[in-house]
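Next, two complexes with chain A in common: one pairs it with chain B, the other with chain C.
Let's turn to the complex of A and B:
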């Protein structure tokens, strides 16, 4: 009997040791995204914010066009509006939907802003991008649904729960960063905004880019799956008392062209469903200068373009949606004062470093 | 013995001819050719770029959010090659025919008719918008046809 107990204890202890070792290996091997690509760190950063009980009036969801186009510290500074961007690289609409569902478990934003570029995708795309969104989410039934909706044919669900299955071959690429940020990572964004201060002017006009874009094969009809998720997003916002706003950021390049047929479908959907849709492409009121306000020849806005769009959008949030300044709240103000200082500090450092 | 060998040889030749007949109208792999240089989407670009000599112009393009590597774009007059970076190597991503001075090995060029395209590549295509998409493994031949005439031709490769 005593021998059996000893064997059982030995087996249990051995299992625990193996599990701990595997977990430690997994922590080392997972990509940390503390140097390029920083985008992979964005989704997980949100929890640091809500774990401190911070709430936001406005929530942005979508792909790179949201985390490169809106500046929450500026929205605060100019209008006293609190906001967070749950954006990630090539975030697909079902991922936006599940991120939104998860966000409503933590807070109740008054306005949800969704960038419609990802409506062009009706199927899972690339594993690397899935990872940048899904690996950062906390384990929950919502994450499970997001994984199921996102996996490409080559992926398996186990690797999302046991990352060592996916990243075991990274051992030969490990750097000091993998050990330094094994347990805790730095914050890379400003409430989800990823700063870029570089300037790389757009070289081709919109007309030239359109000519290139329409010479590529594209489906003039946005996929039905995307509209199903947009319906779900609309219902989710309704259930949670949030106003859903659809936007298309000002960026438009031949690589990621926003076709007129797609725009008409989104405008039609918005009208039928009582939603507001703002297409900011070639909206002169924003004042985007494509010679100075982009860091990659027009694919994304840099900080100067993002600041212009943020100011324009902030005015809309106040005038059309009645969002009120939170600056009279001492506790909230104190938090955002720090955030704003950090924003300008990084901006200055990055400008100096160029 | 000689007769037997001749018979086997004849059967072999007949077999090869039969296989060739079966594949008429369907190429084995989508390959673009410039002179004697074969350009295959998905393959390492270094040998091809070297064999083609100096390009008329060269550029680099961002390949998308979350990726700081650059695609290389080589323009050779009537066609363009775009590469995709992966693990410090560049692979051929897209080959685009830019005007009617260049045609596919099967004779299709800008201005060819839709019927020409179907005669050259067959009817096993996917239609999307104004485009005909021919897939062969991970290589794809994309042909845009507007008002009955080809306006764009490009080969690409699915790296996923």
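Let's turn to the complex of A and C:
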């Protein structure tokens, strides 16, 4: 009997030591996303915000087009609207849906803005992008559902709960950054907005891009799975008393073209379900100049384009959705004052660095 | 389900826990259910094949047993009426019947193996011959399923049938017990090829959970994972790079391939066997060792006594010996002695049996000319060294102290290691001419050495840090092996005597495997090499 007790004690102690050791190794080995690609750090940053009890009137969800197109500090500065972007690279619609579900557990935004580009995907795409979205989420039943919906064939669910199983091979590529940000990481975004100050003009005209895009093979029908999740998103917003707005941010590249057939399907869906849909692609009122407002030849907006779109959209939020300025709230104002200062500080630094 | 998957680890943990929770007399039933589940998960269409082997072998063995019992009963009942000759004649007639039943079992099961494994190879060869005469005609290549480990379980089961025929083991009366013997899951992936007499009793007698079994078993399983994931699968990345571009990688790279592939196949195969034997040990079941420090062999013959032991003894017991003493061979022996003299004449049938055995051994390893040539080259080396034996004896008589010298032993070991490595390269390249061509570059492409040492070795998908880890892992394996050989003890049993040390050892292995193992996305982690045989 004494031997059994001894063995049990050793077994438990060993298990604890191994678990602690592996956890520490996992903290070192996980990618930190503190240098490129910064996108991987976006999803996790949200918890730093809500853990401080901060609430937002507007929540943006979607892929790279949202975190490159809307500037929450500017929305605050111009209209006193508090907002957050829960977007990451190639964030698929089901990931947006589950992030939204998770967000409603922390706060109650009045307006949810969903960028529809990811509607073109009906199946899991790339493991790297899944990781950038899902690794950042806190463990919860919602995350579990998101993982199950997102996994590609080669992925294993265990590696999401024990990331060391995925990142163990990084031991040979470790840098000082991995140790520096082992326990705490810097904030890389401005409430989910990832700043880009570079300018890389679009070289071809809109018509040329369109001609190129149309010649590519594409499915004119958006996948049914995407609409299923859009339905779920609509229901979720309804249950939580939030207004769902569908948007398509301005882009101008044949690489990720938003086809007319897709647009018609989204417009039809919005009409059928009493939702608002704004396609900003050819909206001249925003004033996007594709020679100065994009950092990657029309694929995404840079900060100058994002500021223009944010101002335009802020007006809509106030006039059409009745969002009121929160600037009279001293507590909220002091927080956002800091955020706005940080935003302009980084903008200046990045402009100077170019 | 791969041994190195998370699914398998969970499956194994659940099986071991349930095994000891089950009442002893029902434990084997749980093992049978687990084994069939394991095989079903590995491939849902695999099951019918193994079930056919189980059912057909059960019937054949039962028929032979019934015949044998009938024979004994008849002789018993007619003890007084039958004279010696009549008894002998009756026995011979009955044995012939049993032999026919055995042949039926062998043909059915080896037939399935032959069709599934060798049809493609045969069709390809026929097409090559047809291609000489016509460009437009060729036979279609059938797409046949090759169930995992079919060669292993077929050989093990056919060994059982032959043993039943030879009355060396009892025929199973319960088909489910035979089913467990055939499908025992740790052995299904890559053997060893167990004998019914060695394994069956242990499978069916109950076992209690004992630290003395579980701890060494766990250490051996972890050691197997270490060899497979840290050494074999990392080295495999470099090997695959060389194999996939033979035109690009010649000379120095081929030498590297010979050495690296030796390390890989050793770590892969012995690692898999460590996992198998370790699982058996955790369940209280002793599975036969399949390796005995093969790289310490001083001759090819010795090497084959130490490498894949159960396969070697299978071919020896069921092919070589029966072939050596069969009637046509005896006639040949008589003829060759008369024509060539007693010295050479008596060797001819032995050599012929050796050639046939090695041909079949090669064919067993794979349906390609590479494996056939590999088998025959092994045979050639063995026969040549046998022929040169008088010369060696003379040499050793001239230098009697040489055999005691460590330097000479080391020379013999290195020679055997390199020779085996050279022949083993036939596993790597897609065909025999390419293998010879690539190996040939070692002797004239000297410029490749400069490129190799100028960083070429790091362009094979394995970086300098990984090579260091692999080198350290190989050194660890060598030290453990050396220690076990020198002390003649089982290190893991020694470690298990102290639970604290056992857990420390397991903890270190687990952490090292998780961090330095080659698995998961980004690695094209291979199945076990012998899995395909």
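Rule of thumb we're sticking to: the second predicted complex is superposed on the first by the 350 of 354 C-alpha atoms of A that agree within 3 Å, B and C clash if a C-alpha of one lies under 4 Å from a C-alpha of the other, contacts with A are read in each partner's own complex, and residues count from 1 in each chain.
Assume contacts are C-beta pairs under 8 Å (C-beta built on N, C-alpha and C of every residue); 3 or more make two chains touch, one makes a residue touch a chain.
As the structure is a prediction and not an experimental result, all values here were calculated from the model.
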For this session: Pick one for A:22: touches chain B only (first), chain C only (second), both, or neither.
Result: second
Problem set entry | First, second, both or neither for A:155, with chain B first and chain C second | second
Exercise. Touching A:3, do we find chain B (first), chain C (second), both, or neither?
Worked result: second
Exercise. Who does A:179 touch here: chain B (first), chain C (second), both, or neither?
Worked result: neither
For this session: Tell me which partner A:127 touches in the superposition: chain B (first), chain C (second), both or neither.
Result: both
For this session: Scan A:64 for contacts with chain B and chain C and give back first, second, both or neither.
Result: first
Problem set entry | Set of chain A residues, in rising order, touched by both chain B and chain C | 127, 154
For this session: Can you check the complex and tell me which residues of chain B touch chain A?
Result: 61-62, 64-68, 128-131, 133, 142, 144, 151-152, 154, 160
Exercise. Mind pulling up the chain A residues that touch chain B in the complex?
Worked result: 36-37, 39-40, 63-64, 68, 89-90, 125-129, 132, 152, 154, 215-220, 255-256, 296-297, 299-300
Exercise. Across the complex, what residues on chain A touch chain C?
Worked result: 3, 6-7, 10-11, 13-14, 17-18, 21-22, 25, 29, 127, 154-156, 158-159, 164-166, 168-169, 171-172
Problem set entry | Residues of chain C defined as touching chain A within the complex | 6, 211, 463, 465-466, 499-500, 502-504, 506-507, 510-511, 514-523
